[in-house]
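By written order: A, B, C and D. Residues from 1 in each chain.
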């Protein structure tokens, strides 16, 4: 057991931090101004020129597709344990992951395509995604059912000759707002009479297929998160060739399970970076503001919160790294308790620390002058995305109770 | 001691509830559509025709200026204890208070004018406010200092002949976004060498005075709260006649103290209504959604939260009513511990319950399809508005510690 | 609605406080010394001479059986709302309730006898209990089943000619350790085939009946609470006359429901008194100790806790009084949501505040030099006595969910 | 970074677990019966024959003084990181550490003697301690001051010729109740005019020195923790030879700092073992009890608590191991933030989980039939022992704030 990062990881962290210092942080104001200008001009649903420019710089330096595990497509691929600390650094600036082609939901979608795609599917979709030329979305959540229980999915996928025909409504389809979004992975049911976890299938659906109607962006608190967006989409008689199916009929649940593990690790590591950034803002704020004759930093109530924040962050990071290590060593299935744990721990931790940071900032904390309110909205949503806390806790508890049931049965 | 509402209050509650059933609730969809249409058309900073229409109906029925304590201007005025339960009902629909001319910050401003205004000030500003013809704002918070400590205020008010000249920057000036907003009450310092609580003064400033520059609306978790808004305002050499001063130089802190008590009671009662509405949504949602084979309403984790929510609401309501009763009987100063208590209790309670309701709704909870995310933003901001929790807790603790210090000194 | 105590209650509070100042507080040290001496001498299971002496003084002054609602036995009886504030005062000194013949479980048992007893039962047991000559116990909880679900009760009551024969084991039988304890009310099952809530019956069992074996006192966090005690009792072929049944076969559950409401109100009011005493100790301690150059009372972390404590106490008191008022006005059944709420709220509140007070006292807080650790043990146990929090929360939630289900059905 | 235990540690854990299975667990009932018998016979302040017997077995197998870092006295010594997982196993059975001569406060005292003792001091005291022949106590805490601030210490140590003369009162002197306790390490002030952290000195004081008066055992909640005990001790003109000083006058604070780091790591690891044991009891209980028609294990409220418990334990363990690793690599001083963090995290975590386990057990949870109530008392006290949470949080916050102050100064 060794709690130091490996020399390789330390080196990568140093380099990535340098990249942030040289390129990302200096671009933050420009990025915000560009977004504001697009919005004021009437259309915030445009790609960012700032990001595109930085993507070039990142790619030139080899900071590209870091998320991708070692494979044919990524001979220099990192393990989850190696990638996690880099992902944490990206988490400090929410829009920065795209600069490295490491942003959700593309990362998860690329992993799905790499692991389960046919060569033809990979050629058509994976290649341009890896090149950062197109973007993608993942259409799973539905407004009318508790989608955390995949057996509730209502979207219908019907075989019709050489095609599949899709009918349903999906929302909170993150990334579908981007004009570069060219493909959706859609989860639906091909056979409602099959066993509960064999009813679902996944299809690759080009974003310009007839029958796709993007109703509107869903908001998260008051944010539309343009140009990424979380879209509400009607799928009406959407027809795609039968070869667009991933892995085969009835394999959708299985793919979803495989997809959500690593994806959420990334979210968790970014949450930790976000929490670190919030704690830094908190510390700077209480050090600079005076109330009733003393800097806030001298009030012990802030000592309590700063100390709790540091304890929470350290613990969440260690647990996430341990989960990453377990995924690397024993696979997502055997690591499912660890994965479920960080899904609960990391966003709850981030929500708490960001909330304290907001409180330290007064009215400024809820405003757009600091990234805290938006960070709160993002972290809070993570407690619902790919399953609410309650579902993950049930998973953890079930495994825990089984340990003793097994012993009792001995 | 009697925990029933008086017959008078019961009657008023019944009538107001009937008004909501007949007019407010049926108008909710129209109100939302109107706001959306204005926004889409490019200018959300417009008064609502729906509200204006409902104001007529409210006024015809005498549901007007209910907040105003019995006085020359309000011979039928209600006590705080009588008004509180009505205010709670309004809290269920955040935009509804204006229908009854009972919305912040006008209510507090009207009370200030009624209590401290000269006849000329009252004629010019109070009369049209009471008539619902104009609106107003209260400019206290500044971006550069911890404004919860009034001695930090930096805005300068300088006497110059028959005028006062104001220079400073104020933000989170709620209500200043409304095109009908005609007057600001501005807090600044007339004498930085006076004793700490005699440095501040308040001025009435017409919104169209030269030198007023509204920079932008401040956002609250992504919401701009148009048309009301929370504006960021520069005051540059803003000149007003000397007679626009309220009560006299050095009386600003005193007025602020008097103003914030009742104002916050209203906020608290509305928070309770908001929490009740959130709990109702939560209960309806868990009763209607099924996950893993059972309605959410059968999972004991929701029993815990529903029960806790009910306990929190009941207690917060009783404490708020007790504070209202104390204000009526012994005045705001003697009731300052009770007032400080509800300032902490009510918004924290609402934040917690709304958060549970969000969790029960899944992704829908953070969206605009339910009022929960916006309610969260509002309740969370209340934990900062007119002083953060920490300041109120310090007040409560100081009074509590003094009780024993006093006995020890006996 | 009126948040002042009535003149009658104010007068009673003044008088009772005076009695505490004159008699109870000055006797605290003597009471502790007596208990310690008995323990050192080898037998703590003896009545307290100090209490007996004070009982005389209380009785002379008419401070006797205050808990008893107005009835033939108590023509001057108080309502629950009137008694509650007096009960709170007693709660500050845990052993004091017996001085006024107002201690559990005698109070609940006397109420049962008064309400459900036959004249013969009343003559034999109620009279000496009202006179403070004997004490009693209530045998419900069993070690082998979740006793919060009364249908789990295993103790068997079998009719045999003119007798009932009892077999079972009961524990945490509070009060049965007292040498003056002369009678038990025992809950068991007379008919396991009856409907779930008609299986149980209650019997009056003289403590000296053959077949009763007191195994041991159960401890509560290391305390045996002698001489009161919480006894573990075997009942082996315990035979009592058939006329010892209360109300009739199958009525046990009904009596239990009736008994637990008022009983717990008393516990709740005492919890509030206990919390007030803990907060007073906390305030005095932080005012008197210096660490790192400043009195603890100047650290804002203590302001937070003191303020939260004051808010929690005020709210719990109001809720308890509201529940008392509801019991007086609409009866225990209609007030069951209010009763369930205070059962959750009051002990949890007390536990939290006592814990903070312990923390303020350092090692002294867990020692016997302050009443805090024992108070913690008592308050913590209340979260389990007559049903754990979870059961009460389920009751509250069920009623809350039913409100909306009912409306939906309209 | 590697989250697996080393092969060495895995082997040790396997062997120690086997020792527990073969010797410790089978002896638990005998140990409890022996303690009860001694108490009933009138003197619980006796060494345990069961422990002495097990000590032989442990020593024969080399399971002895495992806590001692590699050194001349312990050539096979373990690092903190290696010892921690073994310490956790011991934590599951609170009395077991003594079997391996690994119990507090002896471990800390032995480390002090090894590190700072003269050869003569080591020969006289360290040798028999290492042999498990005598026991020791550490006298630091005083009843009259906030002892977490070492500058408050009042105990006086006066040089008088070739002797030091000690006057003062110490309490919560853990271990001093044991009849085998032969030596105290006493902290007092030799020079009240020296700089704040140079006033204190430490002396070795034989327990039979004239002038030592053990007043009484302090209780922790209702436990006296005999025969170990937490004694209240008067030191009146206690005279010891000058050579009994440790390290020299004015070095007491320095020794205390060095002593408390590793000592608390042990406490933390034991807390984790304790929490694991509590979670196991919780899981077994909810699986075996039925209420309202279903096993408790099917209620989601228990899933929430079990999952939270598992998350808390995993995180606390990782943080403690990280702290141990830091102590091994960079020393106690550089690892002081990590040490402070686990001092806060581990006992708070244990307290929470034990409390949930108590709740799951109903009345049995607070009784002596399960180890939970005693475990609670122990874990709760740890939040005060060698400094309350608040002091450790202040340390963490100070270091955290300094990070940004340092950057700001760049």
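Just so it is clear, a residue touches a chain if its C-beta (ideal position, glycine included) is under 8 Å from a C-beta of that chain, and two chains touch if they have at least 3 such contacts.
Going by UniProt, the chains are A, B, C, D = Acyl-CoA dehydrogenase family protein.
Please read these numbers as outputs of a predicted model, since none were measured by experiment.
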| message | Report the chain whose CA-based centre is farthest from the CA-based centre of chain B. | response | D
| A-D or B-D, whichever has more C-beta pairs in contact | A-D
| note | So, in whole Å, the Cα centroid of chain A is separated from that of chain D by 43
| Which whole number of Å gives the spacing of the CA centres of chain A and chain B? | 37
| remark: dist(centroid_CA(chain B), centroid_CA(chain D)) in Å evaluates to 53
| query | Taking each residue of chain B in turn, which ones touch at least two of the other chains? | reply | 299-304, 390, 394
| query | Okay, in this complex, where on chain C does chain B touch? | reply | 1-6, 9, 81, 279-280, 283-284, 286-287, 297, 300, 302-304, 306-308, 310-311, 314-316, 318-319, 321-322, 325-326, 337-338, 340-341, 344-345, 390, 392-398, 400-401, 403-405, 408
| note | chain B residues touching chain D in their complex are 299-304
| field | chain A - residues contacting chain B, complex | value | 42, 141, 143, 145-149, 152, 171-172, 218-223, 289-292, 296, 299, 301, 358-359, 362-369, 373-374, 376-377, 380-381, 383-385, 388-391, 394
